[in-house]
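Note that chain A is present in both complexes that follow, paired respectively with chain B and with chain C.
Right after this comes the complex of A and B.
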């Protein structure tokens, strides 16, 4: 038991230090890459619900979004990275570091809808996908409104 | 008091006004809610473009009190109004600022919205004509300007309440019925059927231009067989 506990502690420490080793500009790049990649997949789903519906395409896109949503991107918001440049100047607002509870709620809402999106995509109904895409988009807005610099 | 009735607001002006009230309300709500409503926000925006362009044309071709030249707030008129010496009918010189302010602000919202994007799934119908950077800037201004709309609406309603309670002048009734009790002024003239059809035609053309339906369609995707299976 003791050994297990120690191992767990070591693992947590290692994981913690591993996350801390990401350089600030890398962290910003990873963040921007995540959102950019999701944007592509959101657009793919939109194209499918507006044009001819290809179930496999939607599943691929929804799975990608779900994976990024569950990847723990919150770890990339290192202290001090409200300023800095990744692929471009960060658009993270300082409120991300001060209104943690509000941010957490918005992020969890997004997680929930991203997981739901993957389920809906697997079922393959175009109308339900369209509905869920709107819900998912609404949770993106939840963060954009308060935590993203617009210009 | 030899009060008489004059015909103040023609039917197209009244229909424009109340359609604008409803559609701006719907645009504000759908924009705030987002999600599935953002597509509606875009459609409502196109409808408002039609309304605004109609009103701009009607401000030239419409009947007497709908015309911009009739109520344009010249310094002389504004001074007279502030001294309490203005006895005109229709939009008073301060109200005229509100009219031009709202038309200008809404026009700006329409244009910025057409090129805007929400970084989620919504792209304005003319997004393809500008760079992403410019689209982001316009979107940012679109958000900022929406606060001004609330402010102007509050001023507008506040002024109506002030007229109703302090100056004992009901401004809402004439905007519904078209008629106003007034000892000054003559009934509105002009703005016939031809002018109306022309204004509607120009408004329709503006909506078509704004919808981006005339933009070349995106190139057809390459055949599916060329998509790798990874």
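Right after this comes the complex of A and C.
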């Protein structure tokens, strides 16, 4: 058996373990849940920097965003989930499955800023949190512009 | 102004900051998102203990569950969110707003086991993970039995 064939088999086996046991509509629902929960936590941080700053609340929110960002949600973009309905009809653009390199860069930028957000939150400075929220939000928007169908 | 009146005013002011700026249907959607994302991560851990154990994936999943569990989702059970539709019609039972002590105990038990799950995941032992997943799942079920309307 050639190396290439072995590697292909390994890839199939890996895909066949955890990810492939998730049904397409479940995968769509799970990823919408991840984004939905991050949206709450982004909104909370925004409220804190615009209103009364509660360091503990910002830490909780930033920790949740960081954990979701690093959870490996890419596994939820299974083949066959470019169309379909989870909580609602997916708004994933086909480019997610065709522009892997661009998507990878967008995902890495998002993860980087989410990790930085958690650090900034731990320090507890409102102005720095506001600035980092802007950077983090920029990576969300960048990815949405390229890979999410508009409302 | 009497102390009681001042305390009531403080409570209203606090409630008026972050939490009250979230619309009821958004609050319902956000909490459904949190549970939905945890469901994925519970399922992933289950797949890992039943199939090939991938320590890194289990850590990611447990970290996400822990962060969501500790995020302060209680703030999403705003007055007026006992009925309504987020992603779907809420299945929150009225007891959430009437049996505060029982609910608090259920929430604390869940947080405790979610924190323990993250510790066990970090150690990387499949059998211990399976055992802890059972304990964590038990706290989910306990709360669902008492506070969530069945399918």
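Following the convention adopted for this analysis, the second predicted complex is superposed on the first by the 135 of 151 C-alpha atoms of A that agree within 3 Å, B and C clash if a C-alpha of one lies under 4 Å from a C-alpha of the other, contacts with A are read in each partner's own complex, and residues count from 1 in each chain.
Assume a contact is a pair of C-beta atoms (placed from the backbone, for glycine too) under 8 Å apart; a residue touches a chain by one contact, two chains touch by 3 or more.
The structure presented is a predicted model; accordingly, all values stated were derived computationally and were not measured.
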Chain B versus chain C as contact partner of A:85, first or second or both or neither: neither
In the superposition, chain B vs chain C on chain A residues touched: C
Touched partner set for A:98, first chain B, second chain C, both or neither: neither
A:150 touches, of chain B and chain C: first, second, both or neither? first
Which superposed partner A:66 touches (first chain B, second chain C, both, neither): second
Which superposed partner A:135 touches (first chain B, second chain C, both, neither): first
Touched partner set for A:41, first chain B, second chain C, both or neither: second
Intersection of the chain A residues that touch chain B with those that touch chain C: 35, 39, 43
Contact footprint of chain A on chain C as seen in their complex: 17-18, 21-22, 26, 29-30, 32-37, 39-41, 43-44, 47-48, 51-52, 54, 57, 60-61, 63-64, 66-68, 70-72, 76, 87-88
Partner chain A, residues of chain B touching it in the complex: 33-39, 118-122, 136-137, 139-140, 143
Contacting residues of chain A [partner chain B, same complex]: 35, 39, 42-43, 45-46, 130-131, 133-135, 137-138, 140-141, 144, 148, 150-151
